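Structure record follows, encoded as structure tokens.
We call the chains A, B, C and D, going by the order they appear; numbering starts again at 1 in every chain.
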Amino acid sequence: MIIVMRPEATKEDIDFVVKKLTDYGFKTHLSMGVERTIIGAIGDERALRDKPLSSLPGVEKVVPILKPYKLVSKDFKKEPTVINIKGVKIGGKHIAVMAGPCSVESRELLFEVADSIYKAGARILRGGAFKPRTSPYSFQGLGEEGLKYLREVADHYGMLVITELMDPRDLDLVAKYADILQIGARNMSNFRLLKEVGKAKVPVMLKRGMCATIKEFLMAAEYIASEGNYDIILCERGIRSFDTETRNTLDLAAVPVIKNASHLPIIVDPSHGTGRRDCILPMAQAAIAAGADGLMVEVHPRPSEALSDGDQSILPENFDVLMRRVRVIAATLEKHLEE
Amino acid sequence: MIIVMRPEATKEDIDFVVKKLTDYGFKTHLSMGVERTIIGAIGDERALRDKPLSSLPGVEKVVPILKPYKLVSKDFKKEPTVINIKGVKIGGKHIAVMAGPCSVESRELLFEVADSIYKAGARILRGGAFKPRTSPYSFQGLGEEGLKYLREVADHYGMLVITELMDPRDLDLVAKYADILQIGARNMSNFRLLKEVGKAKVPVMLKRGMCATIKEFLMAAEYIASEGNYDIILCERGIRSFDTETRNTLDLAAVPVIKNASHLPIIVDPSHGTGRRDCILPMAQAAIAAGADGLMVEVHPRPSEALSDGDQSILPENFDVLMRRVRVIAATLEKHLEE
Amino acid sequence: MIIVMRPEATKEDIDFVVKKLTDYGFKTHLSMGVERTIIGAIGDERALRDKPLSSLPGVEKVVPILKPYKLVSKDFKKEPTVINIKGVKIGGKHIAVMAGPCSVESRELLFEVADSIYKAGARILRGGAFKPRTSPYSFQGLGEEGLKYLREVADHYGMLVITELMDPRDLDLVAKYADILQIGARNMSNFRLLKEVGKAKVPVMLKRGMCATIKEFLMAAEYIASEGNYDIILCERGIRSFDTETRNTLDLAAVPVIKNASHLPIIVDPSHGTGRRDCILPMAQAAIAAGADGLMVEVHPRPSEALSDGDQSILPENFDVLMRRVRVIAATLEKHLEE
Amino acid sequence: MIIVMRPEATKEDIDFVVKKLTDYGFKTHLSMGVERTIIGAIGDERALRDKPLSSLPGVEKVVPILKPYKLVSKDFKKEPTVINIKGVKIGGKHIAVMAGPCSVESRELLFEVADSIYKAGARILRGGAFKPRTSPYSFQGLGEEGLKYLREVADHYGMLVITELMDPRDLDLVAKYADILQIGARNMSNFRLLKEVGKAKVPVMLKRGMCATIKEFLMAAEYIASEGNYDIILCERGIRSFDTETRNTLDLAAVPVIKNASHLPIIVDPSHGTGRRDCILPMAQAAIAAGADGLMVEVHPRPSEALSDGDQSILPENFDVLMRRVRVIAATLEKHLEE
């Protein structure tokens, strides 16, 4: 960590900062520049992040040098993590596609969707049983009934189940039926929930918060990892910007940035990421071309009857085109689809 | 709700939309414009918000006319809500100030801070016992011990206690000690938690999420109100923008906008809203001048030793100046400080 | 256009709005809903955009139905525009790549870069002679000398020249040397400059402003088209968001959104769009996969010696890889590289 | 400037960076930390800003220590600048209010507005003769005719004239009639225009760009100052955020932040900053309470007939209330209104 002193800082101010750093167990290193004195703190910077160093007299600013996350960083582990769940791999050369309806609406619908996406090559079935809705008056999901349908249908096809966990009190219930616990964008900073799924040691897919920086996204993953759970799949699902043409702004550059900073696999959700049916196919293609390890896509045979997010679901036949395009682009990058 | 059809929409498309709306129990109203046909749906629009109408063939876009919230809106209740908690009023002509350290660090510190802010005129004591921290390695709060100190110190001075609730499992515990439950910015869209505090019928202060629109902010309040709890204080605490000079961008115009749309009181937190000690006094003054019903301010006698957020705490002597300025500006607007 | 009246609007208020609209030459259409009265204005909505209708008594809000742009919209022209400049085509099935150094630094450097990009397949040479720099103390470009080098080198290889025009006073000078005039992101709302290039009838590449919505971007193109110049290439180059890991947030979903709304070709600039060398190759691939009609890429053989933006330039050998990948992805989408 | 090396950087990499810095005329200072080696460059950092140091082998990141602006900074001049234009002062203890219609629509209207604002205490008359409009089909201003009316009316009351300059070609024309040249938000990064007004030595009011950081805003002022013109008034007029309830997000914290960083006066424009009539009075009060040196407010006696921006203009009688409130709040902060 670097502490930059104000031009008017006195020798006493500088000595006091040095003493403080020494008390915290750091070595210091002084550099008198033309316009500022700079103090370098040598030691494990993460221990200093919490200290209100900018409140010390004479301090102008504090500049961290290291990244705040550790276990999820490439400094900690160089090779990309490949997560293997009952034989389906995600990460490295393996591209995994998660698909299904936004909400589990009925057993019949789920069978219908699962049949089409399985044939197209998807191996992970998605569907919400507990839905976070901005309005208290909207459909909130079928609850445990939905979880049962997901398990039954997935087992019929030999697929995995991913579904969202919203409340720490539901952890055991959801983990009983799901292979992957999804932490939604709205809960990315629900630190209590992150700790619980960290302790649970079930594979987790963590969605990026709508206004989370990439650093904060990786820090949320660090919360899970710090409890001993390393089976974490990251998911870029769009951030909030000033433009309203798309529901969110899909930040595809997050894919190479995260690949550069972390060993964890990262997939992309073009359905929530754009909220527009006409953008899903192009952005799914783009995500794989940008290096993503997989996709999460909403599929519904009759979007105009969907109980939630129908406007961002694609038809089974379009999903089939998507999967064919994804196979070709993956091959160009020497990767392959898990199927 | 208005449904705008594409220029190429056929008569069948239009008839189908009309039939669909009729099935949902709405009357319809057709208007053939020069370039587009428009269908008006007459009835309680909120029942249509969920329906994927833009997925119907020939539909170009769907335009909601009404606000999505109801109970918290001025349409529902015209006069400003004044919340009265053990005699301390918030809203209308009554300005309430909440102050205290970011975290409860020790019983001694809390007494020291409470003494100074009480003398300056604050009547609500704040302090975190459970802290949401972006790093799993940071100080997470004293838990119940912190709650006990808050209660003891507040009782000593005859003040109210406000403290954050992060997890539905802690509700009974926190409600045992606190007069006002704070829902933090990171939990504004934790809908399960909102429902629980709605059922609890304890006064709630709801902070605006870092990337929540004003509509979403009021919808979160609607979640609480929809469970029967109307004692809701809103709190603007800064939103995320592209600029990094301040920790957040304090959106003071949210104050008049919300006053125009809702009957609920709204206060401002200039400490989190700017993250800079040199901005707290000017922005506290500005908040009251903009019409806010109160303030939440972090005060610490030795910021450079604080266990969290020291850089955004002000000294007791500056808090005293702040209170004197606030009294004058409040009087200019024909309001007064509760003390 | 739809005018929504307040619940408390009187019959007089409604009559006054109707009269006003009639005076402006519009027919009106009334719809009395359960909670609001709505007035539809039938006629060419663009003529109403300017009118301060929300200032009329009793008006709650004004909802435009049509897009504000006309000449650049798909309503105006259904088929994609293919721009043909001396035989190089952009749009439709034709993908065009513009490459070169950020600034023209010297004749030698330009020859060196042009040689490598030409061999890799690029047919349009880029390079700045007039540079918009955030600091007045930075290198501002070689001016006319730079333009001469661009022309000489491009002619040697039979390439086109694209270069930035910053000031209406330089129009004749720049147009003398360049085949395509670039309007930079900072000048997207420099309406005087847009009008001048509109009158000039030289092909123009218009970059999206850092905080321009897609609507504003297309309105800026409308400015050029409204003067009679339809040879407009749009360029997505990243918008500003809260994250600082990349210099800008490359909004690739703008590609399908614009393809849906406009007939103009759109290319992507992953160099400015990310500002990071490690993101350029993945994002160039992603851009083509998202349906972009071309790319603009900065190439420099010795980035650490570049006079501007060295950190976002790629090496000639990486550009070669990029071009090979782009060819394969283009073919997947049944397009081809112009070469 | 601090150069942080990657963990895997070799001794050769480090030596090469040191050599490069030495060649640029800097002294260096090495600090071997636990996880990274850090190189401090000692000398005038501004000379290094341009150099692509992050492109050197082994470099992880480059951290600037100093602010990029100089002449406009408080390091350069400690006391606040007070600008005196024909006896009207702005800055320090002097609060100046600029008011008038958005556009100059007619001589009569201008007299009518000027009369009311003069009586309320304003001493600077605003009005657009050249208007930047997002649509090419909107009213673009009266041009020189408008300038003449401004001068005539202002002279009648002994007021100053401020009006916008959009094009360097209009400089002499506009400077002939105006006392203060306004550079609009859309032209904040029109560096050619900034240089011209810098050379012109006429007082300038520079508006913050819609997505300009405070650093970029001050750098734009530095462009003007670097040509020798120090009579610069800054104007906060709202930035773009994700929320659309207000036209822009008025960033009032920019006032104390800029006061901390620069000696230049800063005023606030609540009309453009919110775009809503109901927000102008509260935000004008808040701006002065936050420490602003003045206001720019749009006033129109019949907003529903205004040719531009009627929805954000206030009535003369509301302007009168505003001025009375501003006087009281200014006095609280020991400042006074220039009148």
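Just so it is clear, a contact is a pair of C-beta atoms (placed from the backbone, for glycine too) under 8 Å apart; a residue touches a chain by one contact, two chains touch by 3 or more.
Everything numeric in this text was worked out from a predicted model, so none of it was measured.
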From the listed A-C, A-D or C-D, the one duplicating B-D with over half its contact pairs the same is A-C
So the chain most remote from subunit D by C-alpha centre is A
More Cb-Cb contact pairs, comparing A-C against B-C, go to A-C
Per the C-alpha centroid definition, the whole-Å distance linking subunit B and subunit C comes out as 39
Separation of the C-alpha centres, subunit A versus subunit B, in whole Å, is 26
Separation of the C-alpha centres, subunit A versus subunit C, in whole Å, is 31
Shared-interface residues of subunit C (touching two or more other chains) are 211, 240-242, 244
The answer for subunit C against subunit D in the complex is residues 20, 46, 49-50, 52-56, 68, 132-139, 166-169, 186-187, 189-192, 195, 210-211, 216, 219, 222-223, 226-227, 240, 277, 303-311, 313
Subunit B partner, complex, touching residues on subunit D are 211, 213-215, 239, 241-246, 249-257, 260, 273-274, 276, 278-279, 282-283, 285-291, 325, 328-329, 332-333
Subunit A contacts subunit D in the complex at 2, 4, 7, 29, 31-36, 38, 40, 42-45, 63, 65-66, 75, 211, 240-242, 244
